[in-house]
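Structures for review follow.
You will see two complexes here that share chain A, one where it goes with chain B and one where it goes with chain C.
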Partner chain A sequence: MSTRQSEILRLYRSSLRAAQRFETYNFRKYFYRRTHDRFHAMWEEADAQKVGKAMAEARAELEVMQRQGILNKMFAHNRTVIESDPQYASGAPRFSE
Partner chain B sequence: MFSRSLRVLGARANRRALSACYLRTRCLSTTLNSQAEPVTNHNVPVGESIPAQSSVMPIYLDAQATTPLDPRVLDAMMPYMTENYGNPHSRTHKYGWETEKAVDIAREQIANLIGAHPKEIIFTSGATESNNTSIKGVARFYKGKKNHIITSQTEHKCILDSCRVLQEEGFEVTYLPVNKGGIIDLNELKAAIRPTTALVSIMAVNNEIGVIQDLKEIGKICHENRVFFHTDGAQAAGKIPLNVNDMNIDLMSISGHKLYGPKGVGALYVRRRPRVRLEPIITGGGQERGIRSGTVPSSLVVGMGAAAALSARELDYDYQHISKLSRRLVDGIQSRVSHVVRNGDPNHIYPGCVNLSFSFVEGESLLMALKNVALSSGSACTSASLEPSYVLRALGAEDDMAHSSIRFGLGRFTTESEVDYVVDNVQAHVNRLRDMSPLWEMHQEGIDIKSIQWSQH
Partner chain C sequence: MFRLAALRVVALRSAANVRPTAARVPRVMGAVSVGRRTDMPVMATRWYSAGGALSRSDIQERIFQVLQDFDKVKQDKLSPTADFVKDLGLDSLDTVEVVMAIEEEFSVEIPDDVADNIGSVGQAIDYIVGRSDAH
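Right, the complex of A and B next:
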């Protein structure tokens, strides 16, 4: 695997982990899904310049997610009804939500 | 685009700071979760018992009322709530210059969202103020020569109320009716325009039923007749593509908190070529081109700009996601529950606003039954009174259907699981309420409800 591809994968893993750190259900699910869709679009992209731009955007987004994940953990404590309901939210992260 | 301060620290220092933060927050969250009383929480007086730290909240499906603050928007706002606290109108020091630069960037971000020039954007305290300024301002400026205003029956309360105030001042107002789908008739609009018409105000996306008006055609008609076209774009900006030049829009109101931005800020687009003149409502030091005096709330404005930039970038993605959820919701409910009517023309509707009427079920009782879902019936503005919504009445819906309408508002952060939960709950509760309803029983037996002669007691 080329260095470019391994770099993308490393960023993808960090972004997914940062997304999972949100305390708020809605934000957690959104950022997880968004990261997945963003990186899959990047993986399909052939143009190297567009990939470079997308990577820069993804890195900036990762920083934001990390900072906001911390802030979210500090201030957000409420749970949503759906989080405790096993029928709807198994707790395991899903890309399609 | 979103934050410059951390870049200054450098990547490695950044990572160290963040990892240190993680360790500290883990300790912080555990202390918070064990009933320790926060000493400096000014929202709760010291000494009073503080309730349990976390409560279980319902699923949020009320995106037309307000939207959660996107964490990326909060990230953009934080510097301006902590250290960059200068007044953007202070011209003599760095605090002022930095804040002014940020406000200019926000102005550009909002202008790019709607295809305008940054100089045409005025910051206000919200879409209500923008609507008031545009309608009252334009009408009063051109009072000598023009005294007629055209609007529609399904507008937001602030527009209808501004028109009522203008009527008391001596203006004439025509309220255009809408058809059963909620769309205004363009021929009626053409017929209603007089030589003395100053302004036409039609909202882009209705907040109760989600109907999208044909802005391009309306703009063309107004342009041909040299009448100013104002549109309330609070529910439309950032959700559907808007271009003020393509659509010949002269004035547009935008609301911050409908765009996943902060509450308390909005924008008003006022065209400069050809120039739209208006009398300001709030006068003072002449800020914001003299149209809206007062210190521009820099942190809120920066947040709104970031939200606008984000919406412009994510418009297609959000639209696809919300359309998918909307189809899932409507198909799910309509396949499992009978006698459900969707209010609004399905061909011209924003998918994120689903307004359904359930026959033989009272709206308020269904809302109370769905206590685990945060919904609304009618609009938040009129929820204080017990009258059925005027928008649904304007659609021609009968009183019983107007009373039994529920509005589901889907947003960027809504998930499929939440939609599934809502569909199952709606099915269960609607069936339960119908089982209790004598009208439903009569309907099942084949009696036509409308043919009943109700006796007076």
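Right, the complex of A and C next:
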């Protein structure tokens, strides 16, 4: 694996961690999804220059996510209904037929 | 409650006018049974037991569960020795996600250099077995 690739993987891991630290369910899921999509697109990209640009953007965004994640924890709000139901939050089907 | 107990100890000691050295409340919170007081203060310390370690089969079952929730995993290939990339059909990015999901499942944070080297179900199980703080 090239250094560039392992660099992307590390950045991906840090970004996912930062996304996971959001307290608010919707923000957490959104940033996770966004990070996921962005990095998968980056991984497929063949143009090295574009990858470099995307990585710079992702790095800048990582800082924002880390900062906002902390802020979001400070001003945590009530949990949503889906979170307070452990069965549903774990991904189990809620209504079985 | 402990503060009350400590105050009571001090009050009792000063009332009885015991030796000045004994009046020093020990660093560990002293608890006294008022009925029979001895010269040696009873040390009330808490002995936390070591947590029951997770068994290997429990860990394996939970890691399987994590992998089963993952859409891209080839479920029929799932085994304790399966390699994430070769057997389960994941790419490097997916592997990162799986390792993150395992971290979350066991409430541990795996350092980057270790996480980079986890590439199979067996390695993940071995690592979690070695983590005493996993639960």
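What to note about this one:
By definition in this document, the second predicted complex is superposed on the first by the 87 of 97 C-alpha atoms of A that agree within 3 Å, B and C clash if a C-alpha of one lies under 4 Å from a C-alpha of the other, contacts with A are read in each partner's own complex, and residues count from 1 in each chain.
Everything below uses one rule, namely that a contact is a pair of C-beta atoms (placed from the backbone, for glycine too) under 8 Å apart; a residue touches a chain by one contact, two chains touch by 3 or more.
These figures come from a predicted structure and were not determined experimentally.
With both complexes brought onto chain A, simultaneous placement of chain B and chain C is permitted, the two fitting side by side without a clash.
Chain A has more of its residues touched by B than by the other of chain B and chain C. Look at A:His77: by the touch rule set out above, it reaches chain B but stays clear of chain C. In the superposition on chain A, A:Phe27 contacts chain B only, with no contact to chain C. Judged by the touch definition given at the top, the superposed model places A:Arg4 against neither chain B nor chain C.
Of the two partner chains placed around the shared chain by superposition, chain C is the only one that A:Tyr12 touches, whereas chain B remains out of contact. In the superposed model, A:His36 makes contact with chain C only, not with chain B.
Legend: residue contacts after superposition of the two complexes on their common chain; A:Met65 is shown touching chain B, with no touch to chain C.
Legend: residue contacts after superposition of the two complexes on their common chain; A:Lys53 is shown touching neither chain B nor chain C. After the two structures are overlaid on chain A, the closest C-alpha atoms of chain B and chain C sit 14 Å apart.
Here chain A touches chain B in the complex through residues 22, 25-27, 29-31, 34, 37, 60-61, 63-68, 70-74, 77-82, 84-85, 88-89, 96-97, going by the rule given at the top.
Contact residues of chain B toward chain A in the complex are 1-3, 6, 14, 18, 21-22, 25, 28-29, 32-33, 53-60, 68, 71-72, 74-75, 317, 372, 412-418, 420-421. The touching residues of chain C, counted against chain A in their complex, run 69, 91-93, 96-97, 99-100, 104, 112, 115-116. Residues 1, 5-6, 9-10, 12-13, 16-17, 20, 36, 39-40, 43, 91 of chain A touch chain C in their complex.
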